[in-house]
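Scrolling down, you'll hit the structures one after another.
The same subunit A turns up in both complexes below, where it pairs with subunit B and then with subunit C.
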Partner chain A sequence: MTDQKTQFYFEIKDLSVGFRTFEGIKPVLNIEGLGINRGETYGLVGESGAGKTVLALTILGLLPKPAGMILNGSILFDGVDLLKQSEKQMAEIYRGKRLAMIFQDPMSTLNPVFTVWQQIERVITRQEGLKGKACLKRSLELLDMVKLPDTMNLIDKYPHELSGGQRQRIIIAIALSCGAEFLIADEPTRNLDVTIQAGILKLIDELQRDFKMSVLFIGNNVSLVNIFCRNAGILYRGKLVEEGLSNCVVQNPLHPYTQTLISAIPRSKSEKLKFSKTIIKPEAENGCPYFSRCTIGKENCSTHVPMLREFRTESSAESLNDIQNPVQKAACFYAGGTI
Partner chain B sequence: MNQPLIKVEALKKYFPVRSNHLFKTQKQWVKAVDGIDLEIQSGETIGLVGESGCGKTTLVNVLLRLEDSTEGSIIFDGLDITRVSQKMMRDKVRKNIQIVFQDPFWSLNPRMLVRNVIGEPLSVHQKLSGLALSEKVESLLDMVGLPKDSLYKYPHEFSGGQRQRIAIARALALEPKLVVLDEPTSSIDILSQAQILDLLQQLKEKLGLTYILISHDLSVVHYLSDRIIVMYLGKIVEQGPSEVIFNQPVHPYTQALFNAIPSLSMQNLSELQTIEGNVPSAINPPTGCRFHTRCPRVMPICSEIEPKAIYVDKDHQAACHLLKS
Partner chain C sequence: MTKFILRRVLLGIIVLLGVAFITFFVARVVPSNPAAKWAGPRANQEQIAKATIELGLDKPLLVQFGKYLTDLIQGNLGHSLRTRRPITQELLESLPATVELVLLSTIAAVFIGIPLGVISAKRKDKMIDHFSRLFSIGAVSLPTFWIGLILQLFFFRILDIFPMGGQLSTEIKILMDIPKITGFLMFDCLITGNFTIFFDALWHIVLPGITIALYPIGLVARMTRSAMLEILNEDYITAARSYGLKEKTVLWSYALKNSIGPTSTVVALSIGYTLVNTFLTESIFTWPGIGSYISSAVIGNDYPAIMGVTIFSAFSYVLLNLAADIIIALDPRVRT
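== the complex of A and B ==
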């Protein structure tokens, strides 16, 4: 098993990140392990405040300093620990070149006072050193790549003249302009219509195959992650509580939090929604992060922190032919029981 | 059939846009809502569905008379509210139609205590003050499941879901007949969403409310609505009972829209369908059927003649040329 683990193209080990506050350092992220193979998609699901975006920023070395602190751990990318790289190395070698990110809101990530061309040119000139005609040619290629029509006209427009879907495509073009190997997509379809969402997802999927990229997809929609990603992880209060093949996690959730999350998706009128009431028990400081809202938690949950354990369930047995990830993992003492 | 609670006939709302060319100033119109007929029975929940820019919010604003309509009539409780004076509107109509806005982070005044946020409609319409007001607000807070000590807190002290509860309490303070829910859960988390949806459902049963629900999350619409109206570029393309629209939509736009929603039962990205192209401009909408520029099953007739709404079934209407054959 240890041999396999070193094969991960991208791996997070024992990462813990905290924020400095007046009351001391508050831990926000505590991930024992998370691995993504080359060319794979990993979907990270969680509520707002779970630490999804903090993780993305940590990977890129963009954590606000000095408030954000990396307390422990390592992020290995292609054998190199990103956390040990200097800011200069990150900027020159990794960020924007080998690691790319698509941010949440296409309405505000483009600068409103520059044309599309000016914004693409900046990135290409800086990262690839292209100028003049060569640069224009490359920009048009990029816009073709993300399937925008009429690129010659489009390139001189300002962001406000474009629709949300077009803007998001331009952002994807800019993000992938330098042939990234690892893409972080932070809720890339959040403010878009469903009809446009499908188009953007298909585009990312296609580009991922073309470039053989690994993708870390951050989302709060479980069904979207299920369709889009091979593996899924559920983040709760900065901890991974469940991990596995995405359709195993969705069809057979083991952790009570995942179960609540999935049953909270409204389906139809006839099916009643299940959801946890707001905090019923006091917080357990040394225990399971989900203890206060958990309905099956017993006493030992408030004193011991459950680690990710491997489970072999029926649905994961079906996909056993895939050797690399034969199991589903959950961090709960009583995992597998129903609420 | 009973008298409908609200009856909308040939409702139009055009916004003027001026385009200044060098030698001529031309006045053009954005046809945000372009001829809508609608009946809502008392006690129903209507789901209004469509892409952004299709006129859902404008329609609701006109229904609440936050905007004046260009043409057509809205009969609410036997009164045409497009014609009545503002005073009449305030005294007779407004307390019966209330709205819960999309984003609870913007819709609550950050400098008002919860007591005043919820109590303002009561002090205006029922002239309540002092202890009577506090008591009434307390009972409203209790109804939406917030603790009584929230009374003297400010909106920033609450989470998104709790703020939306405050907004709901405010909308229900005057015991309205019709409540408009404009994307009530789009800015809150999935677990709070489930709680809010459950609360809305309970309140509806308890108080006999009628809802108009706008949402682009179709699973929310499916959960709450009795009847669904699908809009495209200012027109209704299909309407009918919720289950029918979800299971057997007949209009190509509705079909495309529903195939674009990711659901738990889907396995692959290829099951998700896209609609090509963008929503055309509402200034110069396409001739004939407005969807013909993007429709996968377009026919020559579609660009020439505008399809009329026909009954597919009892209560189930759609406007498409495909249905004639």
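== the complex of A and C ==
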């Protein structure tokens, strides 16, 4: 298990991203390590503002410039550091071809003044060099793949004539048009109805299996990630606070933040909802990012930043007997304690 | 789409009716006696009374307005009090020279203003952006007559590169046979292959052209820049980049088409403004267009001519806005 670190297909090491503001550079993302194997799904969970989308944009090299700055670290994809690639290399070799991204809001991801066809055509022509009839054939194939009905008719419509679910399927079709190996799904079901959400998730799951893609699934719903992903990471204020097999993380959360998150999931009607009793303490500038909301934190939490530590959990190992020694990591001095 | 255009045309007609109504009644309220003017400087009471009947000024106002409207629909703007010639004919004679100027400045606004705006949005806060902002603000805020005078001072008086004014050199006007087919001088020269006159005309249009074009270029550049800045932050632009599309495609096609709404409105409005601006510029550069015509009409108290030019300006505004609306309707969300 220890030498796995070198084998990751996609790996983030000591990544630190900041935004330039009037008061200087504000760090927004600080990830010590995150690895995804080929064909694996990794679920990244965090509340809004945790830095999930910033991470996605950083991977693709699309951070808004000049405000966004990469301060440190590397993102290794198939052995190549994406952060060291030039803008031209990113556009020509990686984006669209090998890395794809599904954006969070289907309502604003399609260009409103072009028809579906015009938008798909451009990408296919650019990436695969197909033109005319061949391009149309490929587009229809893609729309079939994402299970859209009546594709011939649909292709000439403008985005505002389509429903949210239809749009998201088209976005998925465009993103996957070039057979990307690595997909970033940034809250792909946000702003969609629950029934449509399920359909979209099922679709991504199927496509992931069919194409053997690695997926970085970003969401704010822990239970969704548990169903959908093998591994899960919990992001809080730009820092990975817990990581492990999603099953373990959900069943046996170690970090107090994860525990709060999980206890907030409604399970049955009779059960009283547990909302975290948020005690707002002063921010610990040099300490744990969760300090101000933590209920178990002690003195040293405000002065030292906890690093990700490995924990071995017996109970979850039984339920996942195909995996030996599942490793769960948490960044907390008192991980495993109860809140 | 047809319904959309029809509705716009109808709206335009209503606007024109309003303008006709206002110009007509304002002209009647203005204290001047058109009949006396028509009868001539040394007319006696009898002659003036006769002129009053001849011009229909003795009839009730509403009847006069009705006659004015019917004439207007037939394209008859009445007769000039100074020259006693039909105003429509006089306008059509001076129109081509003005249209040449306006057309030139519009082409400049589109082909210089829009790219300048796009580039400065792309390179926000870089050298080119600062330069373009300085240029736009200067171009919009400096008064036209001042720019005209300064250009004359530099390029005619000091450097002596360009002529001071007029549409053609005097020698050419006297010595050469000037082609007259459409009335558009440069166009006529081109189709008859008369390049000597063409280049002379080109040489003459440079200074008044720059004077008039600066404002629309600045305005369009500024408007395009701000529209583009907003659009470049949209999700669909980031998404387009994530598909690996070329930056060129993203900028000049994906983003620019979205900014066509505000940009074309500004282009259309600035053409209207330019038309009014030519009135001043033409006097400075002695350009034989509508501007020169209106200034002599105003000085000569020739109110039918003034009304004619007003109606003509309003008509151009309505037409231009109609064109802008149709261009904006390229955006599928606007169409109804």
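One rule holds for everything that comes next: the second predicted complex is superposed on the first by the 322 of 339 C-alpha atoms of A that agree within 3 Å, B and C clash if a C-alpha of one lies under 4 Å from a C-alpha of the other, contacts with A are read in each partner's own complex, and residues count from 1 in each chain.
FYI, a residue touches a chain if its C-beta (ideal position, glycine included) is under 8 Å from a C-beta of that chain, and two chains touch if they have at least 3 such contacts.
These numbers were taken from a predicted model, which means no experiment stands behind them.
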Exercise. Examine A:Asn231 and indicate which partner it touches, taking first as subunit B and second as subunit C; both and neither are also allowed.
Key: neither
Quiz item: Which holds for A:Lys202: it touches subunit B only (first), subunit C only (second), both, or neither?
Solution: first
Quiz item: For A:Ala100, is the partner it touches subunit B (first), subunit C (second), both, or none of the two (neither)?
Solution: second
Quiz item: Thinking of the overlay built on chain A, is A:Tyr158 touched by subunit B (first), by subunit C (second), by both, or by neither?
Solution: second
Quiz item: Taking the superposition as given, does A:Ser223 touch the first partner, subunit B, the second, subunit C, both, or neither?
Solution: first
Quiz item: Which partner does A:Asn30 reach: the first (subunit B), the second (subunit C), both, or neither?
Solution: neither
Practice problem: Examine A:Leu60 and indicate which partner it touches, taking first as subunit B and second as subunit C; both and neither are also allowed. | Solution: second
Quiz item: Thinking of the overlay built on chain A, is A:Ser108 touched by subunit B (first), by subunit C (second), by both, or by neither?
Solution: second
Quiz item: Where on subunit A do subunit B and subunit C both make contact?
Solution: none
Exercise. Please name which positions on subunit A make contact with subunit B in the complex.
Key: 47-48, 163-166, 193-199, 201-202, 205, 220-224, 226-228, 247, 250, 260-262, 264-269, 273-278
Practice problem: Give every residue of subunit C touching subunit A within the complex, in rising order. | Solution: 233-236, 238-247, 249, 254, 257-258, 260, 330-333
Exercise. Going by the contact rule at the top, pick out the subunit A residues touching subunit C in the complex.
Key: 57, 60, 62, 64, 91-92, 94-97, 99-101, 103, 105, 108-114, 122-123, 126-127, 158, 160, 171, 174-175, 177-178
Quiz prompt | subunit A partner contacts - residues on subunit B that touch it in the complex | solution = 51-52, 189-191, 193-195, 197-198, 216, 218-220, 222-225, 242-243, 246, 256-257, 260-264, 266-269, 271-275, 278
